[in-house]
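The structure's right below; bear with me while I get my questions together.
Chain lettering (A, B and C) follows the sequence in which the chains are written, and residue indices restart at 1 in each chain.
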Amino acid sequence: MLVVSNLHTYYGRIHALKGISLHMKPMEVVALIGGNGAGKSTVLKSISGIVRSASGSITLNGDDITHVSPEKIVMSGVSHVPEGRRIFPRLTVEDNLLLGAFTRKDYSEIKKDMARMQELFPVLAKRRKQYAGNLSGGEQQMLAIARGLMSRPMLLLLDEPTMGLAPVVAKDIYRQIRYLNKERGLGILIVEQNARVALGLADRGYIIETGRIVLEGNASELRQSNEIKRAYLGKDYREVWE
Amino acid sequence: MFWQQALNGVVIGCVYTLVALGYTMVYGILGIINFAQGEIYMYGAYGAVITLGLTGNLTLSVLVGISLSCVVGVLLERVAFKPLRGLNPLISLISAIGASIFLSSSARFIFGPDERPFPIHFASHMYNFLGVDISDMQLIIIGASLLLITLLYVIVNHTKNGRAMKAVAMDAEAAMLMGIDVDKTYMFTFLIGSALSGVAGILMAIYYNTTYPTMGTLPGLKAFSAAVLGGVGSIPGAVVGGLTLGVAENLGAAYISSGFKDAFAFLALVLVLVIRPSGIMGSKR
Amino acid sequence: MTPYILHVGIIIILFSILSLSLNMAVGMAGLVSLGHAAFFGIGAYASGLMMLEGLPFIVCLLLSGIITSLFGLLLAIPSLRVKDDYLAIVTLGFGIITVIVLMNMGITGGPDGLTGIPQASVFGFDITSKPVYLVFCVSILAVMVLTTSRLKASKVGRAWAAIRDNDTVAMFMGINIYYYKILCMVISSFWAGIAGSLYAHYTGYINPMTFGMQTSIMILAMVVLGGIGSIPGSIIGAAALVILPELLRGLEANQGIFYGALLVAMMVLRPQGIMGRMKVTDIFARGGS
């Protein structure tokens, strides 16, 4: 479905991505794992078109979307839920959801989707008329995901969806992500610093370091890799996830 | 006397409000002070006056005036602001000052330095309410302002474009991820702000029966003061600020000193910024 | 040299003093002002009035600098509360109010201004001839350049630089930002007052309109054009913007078309100015993302 090949991206003089290649099959969950500043978020921003890449290509279902505007990319079925949630704080929950459907014109379907989102995340129904900025961190993350789903994507890009959240809340969010993949058939590219969590969720994973992919493979293989255990997992990861 | 002066202040205050709304929207959404808002106002007035002189059709002239303001505003955004996006606001401010000088000098070059009266003379009826005289032109200014403010309120709060504007104001990158064309939203903002200033310019050209190249400078600066007074970025703030400034200025001129009339606005500006930088209605900067 | 060239030379030197004094605030301490011409005017009026009372020129020159720096102290108060574009607007308001006050006061002669300001003499030597006055102004500029570059390299200059880059961090570093901001405004306005005094005695006639918003904008444009924070830049910027209108003289009132377009083009194409090594964006980068 998604093929990124040999992508180079710069921020001013900083060479942020040094030839990233990755691919995703439909309905797959893929994790992108790496430390701070490795370039994980830049990969997502390049795919969603808010960062221009210098060379390389990104194709979605065979169509080249490398230098396509962000709004066209949203329309072609990619939705990016950014790091730090980035909900619109002084707009209501309902307005945030409506903005998620900004590119759509099928107003009656949008209404139905609004109702579906509130079923999926009941807390949003309760807080429909409140300012999004007054929601708790976990609720804001749910709103961010729901807002991302409002464009009816086939591919969801999730950037550190549980950052700064309590473990209980994080688990809840992962349950939703799994549900979206299994029941809705959504492809998910998830960026995480926490390899243990990400590999528990994903089918496959890529390890990224200073702008390069250094390792890739099935989630189960990666979990067994000694290198990963040492660098990213810590010794007690089994206790948490299995 | 007091109520008469207050009413005259409200009329001028309405005009300040219309221009202040342009400042406030541009600041709220792009984070820049469009110093050339007063010149957009002036071009609106000239557009109407010249078209009226040529065709004699008032409706057409008003439409041409507003359109000219919109064209100037949008070009301004493209040329003087868009390349500077993301840089310090001071750079945009100096660019805007340059644009303002350029626009008023160009107007002087194109239209000539002399004052032009409004081509149609409006027979002025006076009405009397409870001892206060009000002319029909004053009623038109108040009515048109109320209409436009309401219209703006509806656009911002109850349309898809309005929602997009608010989203871009809060977080432009997140708005992009929603599929909002941020460039188009900026242009739309300038378009609305310019149209409002254009209307203000035309109304004043009729009210004072004169049009000249620097007519926008002082009202522009005062409207900016009004926007700051109310809290830049806030639409109700611009209304409160504009009316307060108009009334205070007229009462100050009547009761304190007419020579210092223009100083009141700027004194208010300085005091508000120093004492309460967020303005009367503003929540935060 | 023809009197005309000498005249342009003197004006360039006066504006160099003004732009350098503003650059001290903008470039060294990050305090933006759109009302600098008001200090210029206060210095000119103070000096002119004192000379009309019969005080000797050199006393007037120094006193007008000191009087102006008191007004600088006054404007330092808002600079402690607001910054960047908002400070620019506060100073703009201050500049406009100053002109209106000068226009309406009896002692300042209202819109007509002051006439017959006696010409300058130093310890009995007449320095009114253009070549001598030019040399006098150049030597004052030299003193200013010398003290300013000394100041820039001193502890004070480093404190200003820290405040310019990030005043919150500067405060955490233990720098008394209030003291240094006030000091900056006081020194900056002192020099602007000196320039005003030199101007008043050069022309012998002053009126409020000379010290309005246009002049303030022009001084800021000189700073930006030359390069924010650069001492030679301020002088080059002043020279460029004094000579340019002279060259465009044939265009008369239409000069503004070129002048305005130049400002916009400068910001779009080279925001760091002619002599600037740093980008203005680096100097004024706003915190946060």
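Note that in this section a residue touches a chain if its C-beta (ideal position, glycine included) is under 8 Å from a C-beta of that chain, and two chains touch if they have at least 3 such contacts.
Treat the numbers as computed from the prediction; the structure is a model and nothing was measured.
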Name whichever of A-B and B-C has more C-beta pairs touching across its two chains.
B-C
The chain whose mean C-alpha position lies nearest the overall protein Cα centroid is chain B
For chain A and chain C, what's the span in angstrom between their mean Cα positions?
54
For chain B and chain C, let me know how many angstrom lie between their CA-based centres, rounded off.
31
On a C-alpha centroid basis, what's the spacing between chain A and chain B, in Å?
43
By the touch definition above, chain A meets two or more other chains at residues none
Residues of chain C that touch at least two other chains are none
Along chain A, where are the residues that touch chain B in the complex?
48-50, 69-71, 74-75, 79-80, 82, 86-91, 95, 98-100, 102-103, 147, 151
Where on chain B does chain A make contact in their complex?
160, 163-164, 166-167, 170-171, 173-181
Taking the touch rule as given, give the residues of chain B at its contact with chain C in the complex, in rising order.
32-33, 79-80, 83-84, 87-95, 97-106, 108-109, 113, 221, 224-225, 228, 257, 259-260, 262-263, 266-267, 269-270, 273-274, 277, 285
Residue positions on chain C within touch of chain B in the complex are 32, 77-78, 81-82, 84-86, 88-90, 92-94, 96-97, 100-101, 103-104, 217, 220-221, 224, 253-257, 259-264, 266-268, 271, 280-281, 283-286
